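Below are structures written as structure tokens.
Next come two complexes built around subunit A: one with subunit B, the other with subunit C.
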Partner chain A sequence: MFLEIKQLSKSFQNDLIVDRLSLSLDQYRTLSILGKSGCGKTTLLKLIAGLETADQGSIRVNGEDMTGKTPAERKIVYLYQEDLLFPHLTVRGNIGFGLKLQKIPASDIKEQVDLMIQRLELQGQGDKMPHQLSGGQRQRVSFGRAIITNPRLLLLDEPFGSLDVGTRQRMQELFKELTALYGITSLFVTHDLKEAILMGDDIGLMKKGSLQVYLDKQDFLLDPLTGVRSEIEFWESLLKPNY
Partner chain B sequence: MKSKSAFGLLFFFLLGLLPFAAALVYALLYSLGIVGILSEGVSLTHWQQVIQSGELLGSFLYSALLAGTGVSLSVILALLISMGLRTSLQHRFWSLLMYFPLAIPGMVASFLSIQLLSKAGFFSRISMKLGWIDRLQEFPDWINDSYGIGIILTFVLIVSPFFVILFSNVYQNERIAELSTLAYSLGARGNQVFWQVTLPILFSKTKRIMILYFIFLLGSYEIPLVLGQESPQMLSVLIIRELKQFDLKLIPEGYVVAVAYTVVIAIAALLVFRRKEVQVHE
Partner chain C sequence: MNKLKYLALLVLGLGILFPFTYLVLLSFSGEWFFPEVLPGYFGLKNWKEILNSESGMGLSFISSLGISLLVATLGTGTGFIWSKSIAYHSQKETWLVLAYFPYMLSPVVLAACLNFFFLKSGLSGTWQGVVLGQYLVAFPYSVIFFQAFWNHRTRQFEQLVLTLGGSSRQAFVQVILPLAKGMILVCFFQTFLISWFEYGLTALVGVGKVQTLTVKVFLYIKEANFYYGAIACCFLVWPPVLLLYLNKRFVYNRLV
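Moving on to the complex of A and B:
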């Protein structure tokens, strides 16, 4: 398994947020994690990224133990819920930020950034500052900036939550295209049922710090705890003739 | 709404711009010998005399050096304090402690500096008690000294707390903590986060205020009056000295310095603060 998490726990002031959580994920696959606010999704991602320290448990990526490694050493990128762009850098500067840190030659950075701008459909926007972009454009820059560094693992924390329906749908398609193209392994956290089903190769449900990963999508759809059945019943009730 | 805005502009013009413009025109006319008690008609003599003496240029460079050093040291100190004590500064006590020096008038700060930094002052006596110097006279000259050390230290005392508060607020408003976390996640190390994220954001958001403070210190009066030396003098002190001369024929030279100073600062301010058009595409 590419990602293996065993018995991971984290508490904040006696409040158990992640409770002996275990999961495994193959390389180049996306695991969708569905969960309500406060269920521990963000803390789980931050523990994997090394932005929080676990109280117990282990995280291994490609067989390598992540314990004690800094976020920079892990090569795992955590994407915020919001399109958090560096306000002092242009679109080009934001996308190339991670490459610049790796001290890659400027000409190579330019080439890779130009290609990414094209793939993100942001042609002509490269020299703009973040405040000159729309919400969808900002989110694309944020996404491109993470993918271009070719992370071992990409952690997405409700990345499209603030976008309108149309932009969200386009971003979901773009995410699938780019993760396939760049061979990205990812964890995609969302509270949106439809998004969880659409985005993940595998699906998990997180509740009160525990995660249940389903065998397949059918297994997920049949579990009453996921809310899929009640959702289907709701839409069916709208379609039934009203006598 | 439009009439309110027009009324506001008129109000600003009448109370803000007109008196200032009138004073500048009067000073210009005085410097050219057109008005004044002993005016002798239009002449560039006073301008020639001031420029040839080199005192204006010397004073300008001296003032710029002291103001620039004062702002730079204040910014560095404020950065160290605001970044080093970020959590502590959120507590009411430390926050109040930072606001306190802002309430000290320049004149009071100057006398405080004399008490602390002069040869007979606090630090001199402490140094002697600790055995670092044998006599008070051995303590370095920091008051009325040729390098303006007393002036610079007093500038730092009154300016740095403002920048501590400013940097702390910008740090929060611009969400630098989250951006730093993001940078770490993208592979940055501690020093890279500081030099490539924290510092550029803080500077880009506060550079205009730094320039305004430089201009403010460039024209400061009380501190260089009390702590400065005879020559060169900072601009405001020089201007007041020229305007209050016993020889009334030389008063236009004071106006020459004042007009030259105002024009240079106004041009510099216009260049720095001109706005660029920003387009947002949704």
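Moving on to the complex of A and C:
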């Protein structure tokens, strides 16, 4: 398994946020994690990224133990719900930021950034500042900035939460295209049922710090705890005639 | 209604400008005794006298400028770094109450309380002592000022840089400093003003040996030499006015 988490726990002031959580994920796959606010999704991602320290348990990526490694050493990029574009840098500067940190030659950075701008469908926007972009464009830049660094694992914390329905749908498609193209392994956290089903190759449900990963999507759809059944019943009730 | 508004604004504008203009006029005046409406003399005599004599006005100006630049640089720099540690500390509120302490006491009372230590350490009557005394006021101001900067979003930016493969130093230099640039300039300006206009603490720690412009102004006023006092005030007031203009023109307008 590419990603293996075993018995991971984390408490904040006696509140158990992540409770002996275990999961495994193959390379180049996306695991979507569905969960309500406060269920521990964000804490789980921060533990994997090395932004929080686990009380117990282990995280292994490609067989390598992540314990004690700094976020930079892990090569795991964490994407927030907000795009967090650096306001003092252009689109080009933002996308190439991670490469610049790695001290890659400027000519190589330019080449890679130009290609990424094309793939993000942001031609002609490269020299704009973040405040000149729409919400969807900003989120695309944010994606590009993460993917261009070729992370071992990409962690997405409700990345489309602030987008309108149309933009959200386009971003979901773009995300799938790019992760397939760059061979990205990712954890996609969302509280949106439809998005969780659409985005994940595998799917899990997080509740009170515990995660249940389903065998397949059918298994997920049949579990009454996921809310799929009640959602289907709701839409069916609307379609039924009143007599 | 519009005329009334215009008139009110005009009166307000004149009210603000009057003290500055009056200072300049007074510095060129002489033999102005009550109940005369206009001065008996108006010319360059006072300025020539003060610039040609050994009044030490030039030295006071340079002392004030040097001390204020040093206090502003040290206060802003160290305050920025420490404010981060305090903002993310579990006992943040306690540290902030301590930061307000010099202002609850007032700087001159603080200096009186610490005077013994200044005397014992040999800093009393030296410019280093004055810088240290003023720094004790400017530093907590800077710490309080930057609390607004170290928010949840700034922390997210730092964490993002770390996960993108950067070090804490790279996050600080390449993201945090550019983000804070405007606030740093404003804080530098404010701490410069705190130091520039400081009198009580400077007089107490400097014991008359460190003659900044504020000390000079009060000296002339005590001597009832209003014309020289006005010249000293011109030196004191106009540089900050210029800084205020530059601050508004190049910094504040970019922040809002």
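Everything below uses one rule, namely that the second predicted complex is superposed on the first by the 243 of 243 C-alpha atoms of A that agree within 3 Å, B and C clash if a C-alpha of one lies under 4 Å from a C-alpha of the other, contacts with A are read in each partner's own complex, and residues count from 1 in each chain.
The rule is short, and it goes like this: a residue touches a chain if its C-beta (ideal position, glycine included) is under 8 Å from a C-beta of that chain, and two chains touch if they have at least 3 such contacts.
These numbers come from a predicted model, not from an experiment.
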Subunit C versus subunit B on the shared subunit A, clash or fit after superposition: clash
Contacts of A:Gln132 with subunit B and subunit C, given as first, second, both or neither: first
Touched partner set for A:Gln13, first subunit B, second subunit C, both or neither: neither
Which superposed partner A:Gln218 touches (first subunit B, second subunit C, both, neither): neither
Colliding region between subunit C and subunit B, picked from 23-31, 185-193 or 257-265 after the shared-chain fit: 185-193
Subunit B and subunit C contact sites that coincide on subunit A, given as residue numbers: 49, 51, 70-72, 75-78, 80, 84, 86-88, 97-98, 100-102, 145-146, 149
Subunit A-facing residues of subunit C, complex: 153, 156-157, 159-167, 170, 174-175, 178-179, 181
Subunit A - residues contacting subunit C, complex: 49-51, 70-72, 74-78, 80, 82, 84, 86-88, 97-98, 100-102, 145-146, 149
Subunit A-facing residues of subunit B, complex: 174-175, 178-179, 181-189, 192, 196-197, 200-201, 204, 278-282
Sites on subunit A touched by subunit B in the complex: 49, 51, 70-72, 75-78, 80, 84, 86-88, 97-98, 100-102, 131-134, 137, 145-146, 149
